[in-house]
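Both complexes shown next keep chain A, but they swap its partner, so chain B is in the first and chain C is in the second.
Our next item is the complex of A and B:
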């Protein structure tokens, strides 16, 4: 099958499935609501409990889940190709640890300087991710022209544990209520508190996806090695730089929105490759759609399985994703 | 079509010179072998010729244009590289690998059209791998992989290939397959080739001319029959060797006899 037809088929099927999930998920929850009542403009907003649950509690959550899931899955695909390593994740390069440290500091220092409907925690967290990106990039590009993916990996892993130590230190110094908040943040939570944070994160994520859109063919070739990619006509250094910054920026924006929701960035790309092959022109859109649906479904489980208790979604993604991933590995071997 | 002009290269300032004032010319339709012991600078010279490394001094010209002034894309349209071994981080089919050779010919959002598929399939056929089109690359044997990678190079730039030790990791049967393939491509399709190799007998059997390198310098170059002499073999490898024409094939053969300890 030619690529064009394969792409149309895959996007058609994945798109339809994801759309179904996105339309269905907000109607489900611990309380059953009537859709016709929720959309009935005749009932005053203050009296319309169904509309309040739908538009205030559930819809932003589903949208955040879709946005974060899509972003982490796509960033995972891009970084795995950049590192030539299917085990890389959006969190490998220390971006999420930087974001987490930013969030921890904002919580522990009780910063309260929100802007444009976004509170201080996501802002601090996004700034933290930018700091991490700058450090890792500085290290990886200091030794030679272009990016050393080896240094990138080592710097990322080291930065991860360095920031983790700082996070523990901040938590140790914080009082009980604050450390509870920091722990909850680290579990990942899609209850982002309205549409403001989603709207604020979107421009960064959209910009990153615009870059993703031009990368796939270069990513295919980069997985064959830098020299091979260069001899096939890829401007390697430029492509690596764009891939690194776009994927890192997207990860930073997603993590600052919902916390470090683990496992999506590795499970989703892997599953998608099993289904559609490795051509990044197909993998990238498929993983984006699949990631959105996957996280929204995990979150649906998180908010209903022990209702009225809501489990942090990061626990669900790892609890489901982990064993499933291992099963796949064992079955493949 | 490809010319190195007094090219010198070191990886970093302060490190030893790897390629030392090399001048050489690969003409259209040539099949040039680059011979030399380990560390003689063959592979680096090939990287300079392919433009993936820029010379520290001197210049490389492709069809008369200095490579430093060309984009990767322009170079890739005229010159393809076949590495010693190809390792993939992900799974691709043989056809996908060959289609990737078309990268430099496609626009930013363009996908391969019927012409690209036709070229890819023709390249697979030319390397005797048409039947492997749908196989995952990692399931292929060493010789099959190398032929698929050569097919990808043909799909990319059908007039000039640079090959880095194309038979180094292959067994005798596959070595012969590749040698025959390269020879055929050069003779029947006029593909220009420069091949770096350790394998004197491979070079003797297919190369029209040779460039001998030691310590980054060219010590001799010219038609294979003139250059491949016992004296030169001794100078390159510190090995006494018999060089004679093999009756059955008419090729020169090199039989190493004794290692000389300098």
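Our next item is the complex of A and C:
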């Protein structure tokens, strides 16, 4: 099958499945609502509880889930190829730890500097991720011309530990109620409370995806080694730099929106590779679509199985993703 | 668990057994060694603690209220009230009690929280009595005060204070008779300027009891937990008539409080939002289950009217 046909088939199937999930998920929730009433424009907005549950409570959540899931899965694919390491995740390079530190500081210091419908926590969290990106990049590009993926990996892992220590320190000094809120933030939460935070995160994520769109050929060659890629005409350093910045920026935006939702960035890329092969030109769009659907479904479970209580979505993604991934590994072996 | 369980130092010595059945002086020693500890074990009220360390801010407030303040020698790192505690040494808190410091202060009574089991066993080994406390319902606040009074030699003052709190609460409840009880969402935590990370009182615990005493009907009365993380969907579905937000950690100005109340406007179908009944109460000690609880219930009752 030619690449174009394979791509069309895969995107068609994954796209249809994801679209189905995205249309179905907002109809389900802890409360039962009447869809016909929700879309009835004859009922005034302020009186229409069904419409408000649909448009104010559920739809932003589903959109946030789709955006975060797609971003973390795609960033996982890019970073695994960039590092030539199947264990790399969007959280390996310290970006999420930087974002977490920013969020912790905003919560613990009770910062109140919201802008454009976005509260202080996501803003501080995004700034934290930018600081982490700058540090890791500075370290990885200081040793020689270009970008050392080994240094990138080591600097990321070290920065993760370092930021984790700072996070614990901030939590330790925080008030008791604030400490709990910081811990809850780390579990991931898609109840973003409106469209403002989603709209604010979207430009960064769209910019990153624009870069992802031109990366797959270079990623295919980079996985075979830098020299091989260079001999085939890839501008290695430039490609690495673009891959690093786009994936990190997307991760920072996604984490600042919904917290560090674990497991998506590693499980989804591998699951998708098991299903569609390893050509990044197919894997990247497929993982994007699959990641969106996967996180939206996990969140649907999170908000319904123990209703009215809610399970943090990060717990669900790990509980479902982990065993499913292991089962696939064993089956494949 | 009921607050106010007390544990006591056992000073018995085994050595006395060897002398059993010997001459009169030894019989007298037997009496001293066996009976005296027996008295102090069974009637602990006889030995009044003079050096109290309190690791629970709510209980510290109670100790000062019942007149045991001069016996308090150290408090937790979170203690702020009454103002007298500012001069006292700090010995850690719930998760990080500084055992070394506590022991070095030679206390004869330590107020611990129920989950501090490690600290309690260390105190037992050091033969230091402790008063085991856990947050519970509204009625348990005065029960704890009375137990503290008995333990610290201030039974009468404790009784008077407890009765005062109870009669004020009764008066507030009586004032609600015949009035409608608005369905109320009691929020005690939320991300500033956003409808995220909303924590509300469930149907258990002192916050729930305070709301009910103030004349509100808790919209989460059916949830058998002290707190609920309330999603926007849940709040829209429960449709509270009043949203009462208490902010005790960060004191808001009137302007900030108005801005925080305005954060709820996206939930336009919620009766509380439509009828402009989102009330932000701010002030120190609003969520402390201590002697000031009747003041807070009074404020809540006024807000709900």
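Here are a few things to note about the model shown:
Everything below uses one rule, namely that the second predicted complex is superposed on the first by the 333 of 333 C-alpha atoms of A that agree within 3 Å, B and C clash if a C-alpha of one lies under 4 Å from a C-alpha of the other, contacts with A are read in each partner's own complex, and residues count from 1 in each chain.
Note that a residue touches a chain if its C-beta (ideal position, glycine included) is under 8 Å from a C-beta of that chain, and two chains touch if they have at least 3 such contacts.
Treat the numbers as computed from the prediction; the structure is a model and nothing was measured.
In the superposition on chain A, A:233 makes contact with chain B only, while chain C stays out of contact range. Look at A:181: by the touch rule set out above, it reaches chain C but stays clear of chain B.
Of the two partner chains, neither chain B nor chain C is touched by A:288. In the superposition on chain A, contact is made by A:308 with chain C only, not with chain B. Which of chain B and chain C touches more residues of chain A is settled by the count: it is C.
In the overlay built on the shared chain, the residue A:191 is in contact with chain C alone; chain B does not reach it. Counting contacts as defined above, no chain A residue meets chain B in one complex and chain C in the other.
The touching residues of chain C, counted against chain A in their complex, run 78, 94, 96, 188-189, 191-197, 220, 223, 225, 228-229, 231-234, 236-237, 239, 249-250, 256, 266-269, 274. Listed in rising order, the residues of chain A touching chain C in the complex are 29-31, 45-49, 51-53, 56-58, 107, 110-112, 114, 118-121, 172, 175-178, 181, 184-185, 189, 191-194, 197, 303, 308-310. Within the complex, the chain A residues that touch chain B are 2-4, 7, 80-81, 84-86, 213-214, 217, 220-221, 223-225, 227-228, 230-236, 273, 277-279, 281. Listed in rising order, the residues of chain B touching chain A in the complex are 47, 50-52, 71-73, 75-77, 79-81, 83, 86-93, 96, 100-101, 103-104, 106, 108-109, 111-112, 117, 156.
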